[in-house]
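The same subunit A turns up in both complexes below, where it pairs with subunit B and then with subunit C.
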Partner chain A sequence: MTTKMAINAKDIFRNQHRLIRFIEQSIRLCSNQSLKAAQHQREQKASADFQITAQVDAQYTSAPEPIKHDQNVGHQFRASQLSVRLAAPEQLQMKPDSDEDLGFGRLFTDHMLKIYYHRNLGGWQRPEITPLENLVMHPAAKVLHYAVELFEGMKAYRGVDGKIRIFRPDMNMNRMNLAAQRSGLPTFEGKEFVQCLSRLLSIDSEWVPHTDTASLYIRPTLIGIDPTLGVASSDSALLYTILSPVGSYFKTGSSGAVSLLADPSYVRAWPGGVGNRKMGSNYAPTINVQKEAAAKGLQQVLWLYGEEHQLTEVGTMNIFMFYVNDQGEQELITPPLSGLILPGITRDSILRMTRQWGKFKVTEGNITMPQVCELLNQGRLLELFGAGTACVVSPVNRINYLGQDLYIPTMEQEKPVHELIRETLTDIQYGKVDHPWSVVID
Partner chain B sequence: MSVLLRRNSSQLRLMLSSGGQVTRLSSSDGASTAEPPSAVKKPTQAKKPNTPPIVPDTDIKKSVFISQSSDVFTNLALEDWLYKNFDFSHHHVLLLWANDPCVVIGRHQNPFTEANVSRLVERGITLARRNSGGGAVYHDLGNLNCTFFAPRERYDRKYNLNIVTRALFREWAINAEINERDDIVVRNKKISGTAAKLGHPNCYHHCTILASANKLHLGESLAREPANYISRATASVPSPIRNLVDVNKSVNVAQLRSAVGYEYLRTAATALEDGGRTQMMKQRGFQLINPTEKWFPGIEELRANYSSWDWVIGKTPKFTVEKDLDVKGDDQGMKLKLSVEVEAGLMKEIGIQLPQSEQVVPVVTPLQGKPYNEENLNGIIGALKLVNASNVKQAMNGSV
Partner chain C sequence: MTTKMAINAKDIFRNQHRLIRFIEQSIRLCSNQSLKAAQHQREQKASADFQITAQVDAQYTSAPEPIKHDQNVGHQFRASQLSVRLAAPEQLQMKPDSDEDLGFGRLFTDHMLKIYYHRNLGGWQRPEITPLENLVMHPAAKVLHYAVELFEGMKAYRGVDGKIRIFRPDMNMNRMNLAAQRSGLPTFEGKEFVQCLSRLLSIDSEWVPHTDTASLYIRPTLIGIDPTLGVASSDSALLYTILSPVGSYFKTGSSGAVSLLADPSYVRAWPGGVGNRKMGSNYAPTINVQKEAAAKGLQQVLWLYGEEHQLTEVGTMNIFMFYVNDQGEQELITPPLSGLILPGITRDSILRMTRQWGKFKVTEGNITMPQVCELLNQGRLLELFGAGTACVVSPVNRINYLGQDLYIPTMEQEKPVHELIRETLTDIQYGKVDHPWSVVID
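The block that comes next holds the complex of A and B.
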């Protein structure tokens, strides 16, 4: 073999990915038959690679750090102290006939979980499950004045074997406690709370339909109810949970993809703020912006930050971009947890899962709008999607940015990564695969 | 989305332990037997792989399901769905339901010997056939139905009936007793009837409770067309009945639902021991159930079956109905007997039995092969009455 041939061979070897892609693309342009063959081949390759493993590699998963309770929090509550007051038949609410009138968060189940905290009574009080009823509080309650409030969003799924499961509840508990620390609210034992929650779910389990695509939305909330106007830590608080049966989160628009308004004049979070905590105060200011987007015929808001117009979040979800990077390889990128981003559990699950797959590069790094425009022009932008508990992944097909409409080819990909991610996660959530992330509560 | 009825985990357990293959199912009955209420016999267990492990009482949680529907077919379908799909090994369920006016016959009964089917249709009273054995009952919104679900090995009819009698006493101080036929009686009159379905791995026992049913409609509905019926189907045993409201004016179905439900929740799972509030607090409580396809995939198919003619009428065991027929003549009339043989609800043979002879002469009529009902029967009689007696004599003389 001559040196020239050797050099050529080396070139070919180094660029084999590009070559394969080029050939595949050419196949695409040819007849239908070869197109199908190419698809089939890619599917086979894809399904073999993206096999769901029951174990999660140790290096890709780590339990969240245990919360250090403040020393004057006092006594912690235990699930063994739980007392239950069951709803009487007259207090039960009728179940609706179909999903059309369900919407999101309009209907609630028959029971709720309540745990009071009173520093003057030693700390956390005994947890109780009661029929769903109104809360009574003093008009000076801190939550009503200074938004001393934090909440969580998680779901219970009825698995294919009829058992009810929740997804990585320890992550939600950790996130809740971190937010509590920031708001001067008492921290609590996440494990005990999850047990109380399991009891609540078993009582209201008939609110989850017996189909294999139904879920129940869980909303734990922690509020400061101290009846004094001082801007200080709450001496009294209430940790409660309500459950809501959900149909599909978004009204089905065009094929389920959403359109976004990207207006840099609106800022959702800033360095040193609480953009990384799930507090109610982050959401009230977004309502008017959402209204503006709707008025322009757009479905969600794409939150930008800084002079570079960094993409931070989509509506109430984290954002992911799948593209071809400068080295010519496929890459999945999401903004890092710099303080502006809510550490989503779906986000974390996607990162761990895709890193374990090892099929493409996975990065946590900043994305800017100019970058998006450039990638779009070069045809290197493949998919853009949001990720959250409510709908797992939400593909984006259009962004309205500085008066211009950018069309994103998310839905035009042959075997979209976001679809694969959705399938894998839902398979875990509905118990089709046995996985440590999905906890059976029955 | 294919939504076949799933095997529940306890069925899977049985299948796997007996080395059977796990496949998607559409109906689950293993050896389901309908037990007639009068017999106190132990049903033979056709196939018994390994007995499931004994679950201690403390691990069993109870729920009371209240159906939102008052349509008898929907409620029967719901009962069937739970029986086929639910896992009761750690979760016992009492289903409470009430229907709009209807007559419900047992699985092996003949509706025509129990009621006047044509008149029911006229008066808008639904006729339904349930899956369990036993006799015919009249339901309306003043009657509460209770279905006790449990795994097969925990079937205990006495326990269930005692829950009802205790509830009646606790709420209204009504003294109710259980007689040898497993009916609940108050002062010697029946206020409840019982039937059961025993299968693998689940079973259910259901009973009615007459709170404030319309006794007049009840009597009228369960009256059959006068005729001679030769039938091997299960016959109902008529008994004098009473409404609870006649015993205590404040009884009503809503309160009865609550009373029976609470009694069920506060009693231990397999022993008749009252655990009071502490026991009740450990249970899963009351739940409203909406029996639609959205909540219970596959229920529409079950309902379609229950409401089909093939099930309600078509499942009637073969029988013959004979009715006297007077034919007028010039000098004297003749007494003939119309005989109709009905199979699978259709009139197979229609004939006239001549006087002084055993012979049955077939009648040619377009009604042959058509569904049987009282209206059709009387229609044939009406048509034959127009025949002149002398013509009949002539025909007879010719044939003899």
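The block that comes next holds the complex of A and C.
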């Protein structure tokens, strides 16, 4: 069946080959030169001589649009209806020392928050705080078969004033509701949920580490629990939250930086998919790839997309590159919200913060691996780092791309931008500066 | 940053537009003509005058390669270690009448099979059959956050001789182990599992409907239950199976055929993804699209892929087209196992069966929507149908493509191939003919 279609398809295929050949050439050039370039860079010293005060405009607010509930959702829960059942004294666990190696998500606090949804009972039920306990569910629950599940990642920080703060919770609530809509799960009032969550944090407040090198990770989760095997919306759901004191998310190399596996044969997300929603289904397919990275002695996966090998995400983080652009200006660039990447709250905060600084150009645009190679060759790539709630900012010092090592001079800069960003964000989060993004828990 | 890369990307983009324009033209032509063509076809009567006996060669076997376990998996479970705890008489439920509208996956039998895996206890634990009961799991269990889950769909059939049969279980076991490997979950010995399953079926044998219009659906499920929040392999897992008496999977229109929504803005799977593994993560993103189809009065989603709008799957089924090819021959075509589609066991059986018949050409090849339009215009598209365990064979009579209705004459054929396929398969499944694909449960 020879159609115009087939001919056009052939054209594209031909171009694809040319692209791949070009990319291969770039890498050969690049891997040979990147180490040299990095050394050269060290000798030259970075030209980042700007001065930035660790502050952002306290007037700035950015509450997202309130979510529109589907009319079939039924009644909403209210924080004023919250019931609390405290753990008995003998149920309370030992709290870990602040200095202990907490790891990530291994220890949990004494209590949890639960809110059931049953369409046939009219909608959302009364919120309840209970001792941390196992969930009981039917073996046909949709969450166990069709990944009808989504979550958020937030943190509670112990401020220098002893107060507990959370960071831009309205952003998490908005993203969680968008994921619920995409998953056929019921939406809810984010503000009411944050009030319930605040109560949970008050009850387990002693679990918020008394240090600014750790925090209490908050995991809101929404799962579909209908005990029926059809692939369909779930008429019953459970919105719950558990809390876990955490240190740093992953072990870095001795340098404090991470190394990445960039293998274009694995793709995290695609147009027409759900890569921009924090749904459980985005994570299971990454586990084996992460194992492959680990087997090669690399710490995280750099997710590429498309024939041009666009950089999309790193591990479970958004990615940022600080470099000297074609006009000779310093520029911070991160991929745009094209549907392929998660709309990170740390990402959004970094963009808003650095744009307000006005000290360098800030861009949302695509970055490709051939560009990374070219910039490395020319000594113009200054820093590469991941950003997310779990890790805040995570510098990258090496990428293994199609079997070749590319050395990134992120840790060689005199006044690294990623450090400044981390300090500014953590100063806000730990209450060292006052800022509307930080919400104090009463 | 203007590179060769960017120019090539532009070329592709330009071609893409030309493709889209061509597709739009085809549809306009097509939607106007498809109804006429269908009528014309009815008048002509289909030329499918071949005679096929409903038999396949009983000598044929196709056991897949045995799975290679990762050496870290630890010890394997054995069916000989199976323990059984029967439900008390007062726990037993009323069994539904065979004539009842069973629906799909709403009722469950009295017992279930469970096999735990704990790496720190050496591997797989003893298999156990217990009364059907709720699962108890930690709220941090990986299955609830990162979709660390996979399943299979099988059926037990009550044969005309009263015996209970299952269909090609080795194929399900192989696919399930491949999905486990891709998910960072432990693999297991399929043969041992099928023996445990057979015991479960014997115990709940009265739940296998006494009719050849219903069956007992078998849902083997493997979930990761580690109570830790890192996105990583699960060191604990639960392999379990529940059973559900089922009628037909979905309601068809009055014609017995289904109508489809074909919207290229939603994509089920992508190269570099996991579309060829039966993992839970492939299903959650489809639920909202299915809702959209239902809101338009359409019964299933036809999943398209790429600029050429390739047909990949329909709902949760593989897709087949029977048509007159460019050489004037009758041909059965289904998309190839390119990684984008699930390697269906019904799909494989249909291919092997019809190839053995030798009455028409059988091809694994891509089908695009413009081709569908062209064939409809020329009156050469005879039948379109989905195939899978749940539905066996499901004829399609209408596709809503980019807002236009395309009428497919699947139900207008005098001796439809999809009917012959369905009959042959169900004759094997219900023991009307003897065949090695059908395994009798003792």
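Following the convention adopted for this analysis, the second predicted complex is superposed on the first by the 372 of 442 C-alpha atoms of A that agree within 3 Å, B and C clash if a C-alpha of one lies under 4 Å from a C-alpha of the other, contacts with A are read in each partner's own complex, and residues count from 1 in each chain.
In the analysis below, contacts are C-beta pairs under 8 Å (C-beta built on N, C-alpha and C of every residue); 3 or more make two chains touch, one makes a residue touch a chain.
Nothing here was measured: the structure is a model prediction, and the numbers come from that model.
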Which partner chains sit in contact with A:284 here, subunit B, subunit C, both or neither? Use first/second/both/neither.
second
With the two structures laid over each other on chain A, which partner does A:415 touch: subunit B (first), subunit C (second), both, or neither?
neither
Just checking: does A:75 make contact with subunit B only, subunit C only, both, or neither of them? Give me first, second, both or neither.
neither
First, second, both or neither for A:206, with subunit B first and subunit C second
first
Quick check for you: in the superposed arrangement, does A:270 touch first (subunit B), second (subunit C), both or neither?
second
With both complexes superposed on chain A, which partner does A:160 reach: first (subunit B), second (subunit C), both or neither?
first
After the superposition on A, what does A:191 contact: first (subunit B), second (subunit C), both or neither?
neither
Quick check: in the complex, which residue numbers of subunit B touch subunit A?
1, 3, 6, 8-9, 12, 61, 63-66, 68, 85-87, 90, 254, 257-258, 261, 265, 280-290, 292, 294-297
Residues of subunit C that touch subunit A when the two form their complex
1, 3-5, 8-9, 11-12, 15-16, 18-19, 22-23, 104-106, 108, 112, 132, 134-141, 143-149, 151, 181-184, 217, 219, 221, 223, 227-233, 240, 242, 244, 264-267, 270-274, 279-288, 290-291, 307-308, 316, 325-326, 368, 370-371, 374
Residue ranges of subunit A in contact with subunit B within the complex:
83-90, 92-99, 110-111, 160-163, 202-207, 209-213, 442
